[in-house]
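Note that the chains are named A, B, C and D in the order they appear, and that numbering of residues resets to 1 at the start of each chain.
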Amino acid sequence: MIRVSVVGAKGRMGSHVVDAVNGAEDMELALALDAGDDLKNIAPANTDVVVEFTVPSVSLGNVLTLIAQGVDVVVGTTGWTDEKLAQVREAIANSPRPDSQKVFIAPNFAISAVLADYFATKAAKYFESAEVIELHHPNKVDAPSGTAIHTAHGIAEARKAAGLGDVPDNTETDGGSRGQVVDGIHVHAVRLRGLNAHEEVLFGNAGEQLTIRADSFDRGSFMPGVLLAVRKLASDAPTGLTIGLDNFLDL
Amino acid sequence: MIRVSVVGAKGRMGSHVVDAVNGAEDMELALALDAGDDLKNIAPANTDVVVEFTVPSVSLGNVLTLIAQGVDVVVGTTGWTDEKLAQVREAIANSPRPDSQKVFIAPNFAISAVLADYFATKAAKYFESAEVIELHHPNKVDAPSGTAIHTAHGIAEARKAAGLGDVPDNTETDGGSRGQVVDGIHVHAVRLRGLNAHEEVLFGNAGEQLTIRADSFDRGSFMPGVLLAVRKLASDAPTGLTIGLDNFLDL
Amino acid sequence: MIRVSVVGAKGRMGSHVVDAVNGAEDMELALALDAGDDLKNIAPANTDVVVEFTVPSVSLGNVLTLIAQGVDVVVGTTGWTDEKLAQVREAIANSPRPDSQKVFIAPNFAISAVLADYFATKAAKYFESAEVIELHHPNKVDAPSGTAIHTAHGIAEARKAAGLGDVPDNTETDGGSRGQVVDGIHVHAVRLRGLNAHEEVLFGNAGEQLTIRADSFDRGSFMPGVLLAVRKLASDAPTGLTIGLDNFLDL
Amino acid sequence: MIRVSVVGAKGRMGSHVVDAVNGAEDMELALALDAGDDLKNIAPANTDVVVEFTVPSVSLGNVLTLIAQGVDVVVGTTGWTDEKLAQVREAIANSPRPDSQKVFIAPNFAISAVLADYFATKAAKYFESAEVIELHHPNKVDAPSGTAIHTAHGIAEARKAAGLGDVPDNTETDGGSRGQVVDGIHVHAVRLRGLNAHEEVLFGNAGEQLTIRADSFDRGSFMPGVLLAVRKLASDAPTGLTIGLDNFLDL
């Protein structure tokens, strides 16, 4: 049994993690802490892996403390800069167990989204045309989504590496309907009440189309990815800092 | 049996019409004419309904001649202005059979597209959010398509009539991915090799989505609509000029 | 302001209704009752419309009591037989206000699903082919869904009324993949973790396809339909018993 | 310039190949032969790669002749048995250039279909649920398609290799709507006028869905795959017999 502690256990994501750990047959919930609780209660004696889902302003401090406590950490909080990551790497080097300490940070724990992004990059060189449509709830303030920009970049890089030129497009008259061009790839953002976070990548050749779509219907969609990361840290993940769930997928 | 003549029989669309008429159990092909043939060979003695699919520069002349010949006409050629339509109406008034002469002109013979447009207008008032995505082959020069603009206008009018306000949209930062706003409705245009003409209308409320999609895979997609129009003219279509396939659908 | 009381207010659906009423600008929550509470507290002095979402075993009794109290009722509980409906009609006839008493019962409050079903029936006669795919969470015990069967029947009836024959299908060898044939229409049921309740209706002619899809992502999807019914009962709904949300949609 | 000859050049597929070769900037059409023509006109002096698209009854003979002529062959004809393949391998061993002779046979040249199948196999182990829907024109006699069966097998094998159990499914009452179970995976076959060949693979976890869809709209959809195979044979394909387009994709 993997003993899992949760930091931010009463938060929107953390409470889902508590439920997910309780529902996993190969895990048991160790400590569930939230604001005001002392992180130093978490130690190798009671915990194998900690899942940290808090807010950017406190996450770095939490992670540094947990490394000093000698426990492995899966971090779901966002807002990581190069500078912050450097501090994490330094803390790992100075940790009680530098040769086995593991920290994992991921911008997106939705397995479907990570796979869609990866498959899009692999498929890109085989198609004349490629476009990205992302669809989100209307409260999102930025458009297009960071994930869609990432996908468009990945497609563009794969096309360039394969020597493909521009996507075909004879549009002469347009009032903005063709979307935002990210690195040569057209990206469209839909905002619709009822949706959560969705991405569709369309590839086309003469006579054929390939469509890859990832739907994240709710926060529960991140839990399979979180549990996968916990299992990786408790088994064969590399020591040190790993960034991105694609590193833990067998692709 | 409805006796059908085709004008423009060797053209891209006309040749499909000839095949479709030959394949219809309740029709027989009368005359198949093309450039250089004398339209005056078409007369009530041999023809019930003529299907005219040529080019805008000759279509008006053809239609006026056919009206003078006393046969009913289904027109698939595009490019009709108010002035041209007025000439058609005048020719009908002065025709050999003003009380029974029928002429039908349609901008779009794809039944699926006409139905999608109609259903979108009916659904519009019941949803907080609505957006339109049209997808076409990359040789199309205008974006968005005229059909998508028509659909967006229909949705906008239905929303206003029902007292709905703006669609919810908290986007603060966008480099163009949110598409073109047509009468308050966001319209996106995708251009993809392999596609022909497609439209998807998305409606959203909290927790639910309605999607209506019309795909026209090739020119054959217009034939069911052409045959439907021919049957209507041969039976209970109103006399005079009718514009738009929705007039012949029982909705 | 429409004064709305909720019966079953602590239940899965009822708690959503309480939130939806509190969030509606034209409504105010009157009483929120649950098991053990006395329904006789609900009366015209404090309530215009009651929303009843409980369980089949108590719903009939609740509705009869509320009719006797002289308040209009929107019923979301399922399990209504012809016999139960007859009792409701009799109670209306003997109610304190037989000329204005209104009761509304609906098997499905998701507007998208009701519209999809209606549009499918209207479109059916214009297409050679039609199939239905319903998709639900894997805990659902019956397949296909009642909604899918209803849609298939509606399509089949519309085809027969229009004189259409069987859908084209040259399948000679099949081990069950062609699904269940409901009144001549093939119906497929998908069960997938992560889904809630979804239905897709596909229509096809040579060269064209029309797709109508309704997605219900969660229980919140019923609230727009519940609020619409409340507003109808508080305004121009007919007196007596009305069954089915399509009666309240302007189609 | 790759010099390409076509055998079966007047056939349904072969005529598309002639057009595709003529449209490719890096290829030139050498000989275009059909029934009655002498294959011995094809030789290294005029041809680098031959594309053979005929019928199963003559394809083996053609391929053996072409190998004896010393030219590389891309074979699109279907109907290859283990016995026939053994004859091809033997002919290669006895060919004029056994150390460089290349023959390529593929059951499916649609790149989108081959990629979808591959991606489905890679994704399978990360999802609780998986189902396959294939959609074809109604003249197809077998259901489900061979491609769908292949995909289902691939998913099932990947699940077993990862130690996953059965897909979740609490269906108790079903009249056939749940489709055909292929190696534990439910497969559904839709037959719809207007469609050609399409496959959709659905994966689900709590809160998330991944959808991979390949559309083959017409025979032209095979040409990018045919050209890719020609280029591979003219460059770095391995000598001997290669079966399956996935061997030529960089995945």
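Basically, contacts are C-beta pairs under 8 Å (C-beta built on N, C-alpha and C of every residue); 3 or more make two chains touch, one makes a residue touch a chain.
Note that the coordinates shown come from a computational prediction; the quantities given were computed from them, not determined experimentally.
Comparing the centres of all chains, each the average of its CA atoms, the largest separation from chain C belongs to D. Matching the C-alpha atoms of chain A with those of chain C calls for a turn of 180 degrees, to the nearest 5. Residue-number overlap of contact pairs with C-D passes half for only one option from A-B, A-C or B-D: A-B.
Chain A and chain C, compared by their mean Cα positions, are separated by 38 Å. With centres taken as mean Cα positions, chain C sits 35 Å from chain B.
Centroid to centroid, with C-alpha atoms defining each point, chain A and chain B lie 46 Å apart.
Annotation for chain C: residues 127, 194, 203, 205-209, 215, 217-218, 221 touch two or more other chains. If you sketch which chains touch which, every chain touches every other chain without exception.
If you check the complex, the residues on chain B that touch chain C are 110-113, 115-116, 119, 122-123, 125-127, 203, 205-224, 228, 249-251. Against chain D, in their complex, chain C makes its touches with residues 127-129, 131, 133-135, 138-144, 148, 167-181, 186-195, 202-209.
Listing the residues of chain B that touch chain D in their complex gives 194, 196, 215, 217-218, 221.
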